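A, B, C, D and E are the chain letters, set down in written order, and residue numbers restart from 1 in every chain.
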């Protein structure tokens, strides 16, 4: 039996079959969480197991580009899941550079997300008129793509500004200082409505322009698929995110395999030895920090366009922690790990915990009575407080503790980290 | 405007002092654990919170049964401290010790665990409180005895103002003297010059006392509440007690020995694990008591109440020199006063452009500033990097 | 472990069996965290309305259900919940949210899916100023509530030196600014205007007050912060009159502030139960069912749900099928209801045509206080602010 | 006497009252094998740390290849051509042997950040160059068959060799070896001895080593400096050192000189 | 004579490094046994293995006939093995008196502690003078005295001394060795590790020579002092 599973041909067949079966099931039942998870499971299996590359591409392409968009038409929540997963995956990949590769614990990562989001939000809405002459704002939606680049630059700059003092500090101090600086960015966003109104303070900025998608709708029209704007945007963002994830992953891999990636790992492992090998400490760390920040900045701009509304409340410590959890869960330094971690946490947070809460509510509505003779319980009395969706912090906390104790190298460990984490003096 | 600033000064410093004592007590928990394990125990803010919540529950449960508020307070402190100590020990046992036993060299690992523990505890308390009372907030009841307000003599306020002015003038004078020395490239400071600075500052102080006599010697409205007095007295007693424990008892010496060199300490027959447990117990107890006092002062507590005071207390610990017990206490007091000064005066100084909302940022700014320019803190000693 | 699993399977099976043609109305409000007390009231009010209507719907061949959701008073969570709700075809309408800052981004989602939302609590002008067909609200607006409060403060109470504090949220800052504007127009002096996220230690603000010597303090925000601020102000001997908006309208306010609550004024868009003669019966049922007295937002939650229920009933009895969301949206906008909060009718933006604003005085430290003034005011006819 | 590559002048370093290195002066000529010996705690490793910039000297100056490097950043000094190994091996354990060596090619690789992202021809060229050079060095240290293995999984002797290979990747003019033979068995030590001489002869690199294995020191070094209590008590050829009573005293204790002789 | 301590074929590793390659040694009651050898030969590792700071992968450590091989350090101390570690490792921010008291951590009888303290002060009068001073402010020699005094506070059955003369001026070295002899006269069994071989062999009864983790020579101290191999072990001759 075990041998059978090591047989590549058998595995390929198995995965292809399960991808088809689960994919079909998802198409038939787009609202079934189980079908969705199993489809993703098939995708993951295709990636993880030892099967021919062309099959991996085929299965991945079919699921990501056909099955999920198709099912998404029937249940647009899948797009929401996909886009959120994508946004977080890109950020997790960015944080992966900082934490995973360079070994710098950054607890204020959401700050860069905020910088990116505000960059587009301010200029893609009327907000900029508040402090700029000309009254040409909001800029047309097509500028969005330009501003994604601007957001990248702004976030990287912020990374350098925050990093230059913070990165001089030792590891655990760095954590608490980045936490503080991240909080500072949020407080600034919340307070820069006076004396000059830049961020509109707690009121937030809305509405924000979205990139124009007439061409996108027209494109699908040609294939006989007609969509309204409201239908087209989720699909558009889904594809946009897929493209960005592709780029970001590529950047991650390329950096990892360049002299910069090696320098980061060297610094993470042994600062003294790295310096003795000619690697300048601060510039190299700053580079990691700015790189990570720029990923987050780009996704911030996308977030602003998707959400149409930006307010300081979206950029709190829990966001930073959530992204950290994704990196840890997937495996520090591991690129597929970061994506898997992002998917797991996002799906858990956005869907599974809430689905569980809904089941609880259904139980309550049904008034189901459990009768075990001695013990009788009416589910109608089930307290609200038990809803799992409320306890995301508990879930994250537990994930962090358990992972560190039992599997510090993560679900898909990076080759290099296994060695480091399992070390025993 | 200057008159307003002067007039508020004694009240600001007094409020800062009260707040500072609370910070000092929390800071001790951070500093003790750091001293022994070199770990920033992120979960300490939640240990503080569990103490605060447990104290509130004690008050609420026993309010009907026990009429005397002082006995009630004593019980709340005892129970709040104990609960916090138990939580602290459990965190150590379940989250930190397994890591220590595995012996990872990666410094991020225990830190991430600590953050996880902190988040876990927040929602655990929320779940318990939610199931128990369907409540998020717990309120500390008010008692007339505790709320009673006493007016302090104006003379005391005047004295505080004069002393502060003297100090401020001295700092300013010293600053200019320092620039002068830098420009003229002279080394060291002579005794005579030093005395001269003190006298110059004194003269300036007396001069301003004459100019602003009506303000300084006028009605300063310096009041203090019974509960604030209690907070100061209890925290002072606790800090003093801790000082005694750490310096005069065998356990205290053992704690310090483990903090300095755990391996050698084990050669003395000390089990480091036992000492670490004690450290968490003591730090947790103090944190819990701080939580009860915090609740008494500010009325409402809830599962997320620990975060901000936790960060501030950590700042205080770093300010005083992390790992140093006296330093933590001094750092707490200094931070409390700075925060009150910033929170109150910023509005006046920037004419409303920046206000109280920046006071938390002030704490972070102080933290970063210290870490960059004097990482060993006020009381700490420079430790050479091991290569 | 295994046994528990079996039980769960049985339970779910029972569920599946029980389902018929289901119509769900969702409530979205904070059920956990700092503002749960207000959010809970919205949910319970709507729950009562739905449970009352259930037998009637059963006769029509439908099972009416409540789907309570928790937005944690956080815009991100709110939007995420909204995205889930719109994809559940059984959910036909929303009662929610509590916080304006959450309602604005969430309603963008509802609008895209034409899912009707009836707000029992959002007072921010922007909620309806976008003129979405699917968004209606039962309560008044901050650009009336704030000025109404200011008028009362300056004209009736004679406030001269006013210190304004807000909680740095969309709602709190918004209403504080409306208050400030009117107060200045009426010739009062605003000696301080500041926002704070602080929840425990207000001494820095209180010392500023001591320096500025206000005779009137206005707090734009929610009870959990306001009550603590008030208590500490009184402890430090500041005797200025204290006033706030409907965020203070909760029994918890009095519970937290204790004796300090005595003498406080607040404006509210959801009047106390005793203001509504019809509410008596509802209040009694509510107390029987949930074991606590309904507070203002409960009756607004109740009425919000009832508007939806009435529209649903009308449609079903006429068309013998469940309406689509778009149909329901249109219908709700046209529905009139003699609810427990009075006559409900919406204008072109979705605002209630004639909303009531109350000034309440807590003569004793007891909730609810005495209504000292009722202003009935039509929603201002602001221009629609189109989004694209 | 040929030109000096490293001139250490009156360098002093104290740690909280303890003088670790006390006014040490040393001139090391090009293409020499120079050894620093002394009993435990004599300040040898501190001396290395001062030279490589990890510690800043309290007093004195260090001139490397004609440039004053006192107080410079270690990375800069390394970039100028000074490489070292560590007493307690400090490899990047979770990287492969090849990657370890490639890390030290950092300063010699001219890939810019943009090159790395866009995979320009320059990136490929430089990366290939770095890899080839690293493989060459691994082969030179007879580690090429271990290129893909994680550094920490190598046996001890190979780790020592890998550390030297890594140091050589910096293309140093001066190589500092801190107890390279520690923990090695006699065969390994002999092998090491040949390699050290080889590095000097093949690559023309000046070598300074700290070593306790006197057999090794005496057989390969051309000059030896003896440190005791942070002070240089002697410098000379192996014969001079071996027969100097001060050395015997430093090692075996006062009065030892007569006793043993 | 009764064997106090015995090592049987002890193999200890630091990670990949095979530091001790089958050490056999024994110490009888009342003896001073010295362990000499060059740097890195494994002397300190041997002591650390005995006191439980590192555990051997193979072999046994017997104390008074009972195996203590895998006990944690703090329990081995309880049995009666006192270890003065290399580099003295006194607690720098505890006073001299506190350093001594922590030495007697396991002794709960206050009077007994005072008695031992008095004895230590009698042996090292310098410590009595500086009892209130912080350990870190002492000179090297005083720190060594303190380290020995601290171990004596445990009243150990056997005292392990690791390089007590390291980094000390010659005058002080003499003092330390005199003290060692004095302690032995008072009945203490001592295992002494020294780089200063001749001095050590002067006071010791027996000696072992350690070279790269193996014992190459052993015998009465007087004979070892005359042995050419000893010199070779150090200078590579």
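Going forward, a residue touches a chain if its C-beta (ideal position, glycine included) is under 8 Å from a C-beta of that chain, and two chains touch if they have at least 3 such contacts.
The shown structure was predicted, so the numbers you read here are calculated from the model rather than taken from an experiment.
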{"item": "Chain C to chain E, fewest steps along touching chains", "value": "2"}
{"item": "Partner chains that chain A and chain E have in common", "value": "B, D"}
{"item": "Interface with the most contact pairs, given as the two chains involved", "value": "A-B"}
{"item": "Chain whose mean Cα position lies farthest from chain E", "value": "C"}
{"item": "Taking each chain's C-alpha mean as its centre, the one farthest from chain B", "value": "D"}
{"item": "Rounded Å distance, chain B centre to chain E centre (Cα mean)", "value": "44"}
{"item": "Centroid spacing, where centroids are CA-atom means, of chain B and chain C in whole angstrom", "value": "39"}
{"item": "Inter-chain centre distance, chain B versus chain D - centres from mean C-alpha coordinates, in Å", "value": "48"}
{"item": "Set of chain B residues in contact with two or more other chains", "value": "126, 130, 357, 360, 387"}
{"item": "Two or more partner chains touched - positions in chain C", "value": "32, 168, 195, 197"}
{"item": "Shared-contact residues (touching 2 or more other chains) in chain A", "value": "187, 190-191, 272, 384-385, 390, 420, 423, 425"}
{"item": "In the complex with chain A, residue positions of chain C that touch it", "value": "7, 11-12, 14-15, 18, 31-32, 40, 65-70, 72, 74-76, 79-81, 83-84, 86-88, 101, 104-105, 108, 112-113, 126, 168-170, 172-174, 195, 197, 387-388"}
{"item": "Residues on chain E engaged by chain B in the complex (per definition of touch)", "value": "51, 53, 72-74, 77-78, 82-83, 85, 89, 91-94, 98, 101-103, 105-106, 150, 154"}
{"item": "Parts of chain B lying in touch with chain A, wherever the complex brings them together", "value": "38-40, 94-95, 98-99, 102-113, 115-124, 126-127, 130-131, 134, 307, 311, 314, 318, 353-354, 357-358, 360-361, 363-364, 367-368, 371-372, 375, 387"}
{"item": "Chain A residues touching chain B - in the complex, by the definition given at the top", "value": "99, 103, 105, 107, 165-166, 168-169, 171-173, 175-177, 179-181, 183-184, 187, 190-191, 194-195, 272, 317, 321, 324, 328, 332, 383-386, 390-394, 396-401, 404-405, 408, 420-421, 423-425"}
{"item": "Residue numbers on chain C that touch chain B, as the complex places them", "value": "32-34, 36-37, 168, 192-201, 203-205, 207-208, 210-211, 224, 227-228, 231-232, 235-237, 252, 255-256, 258-259"}
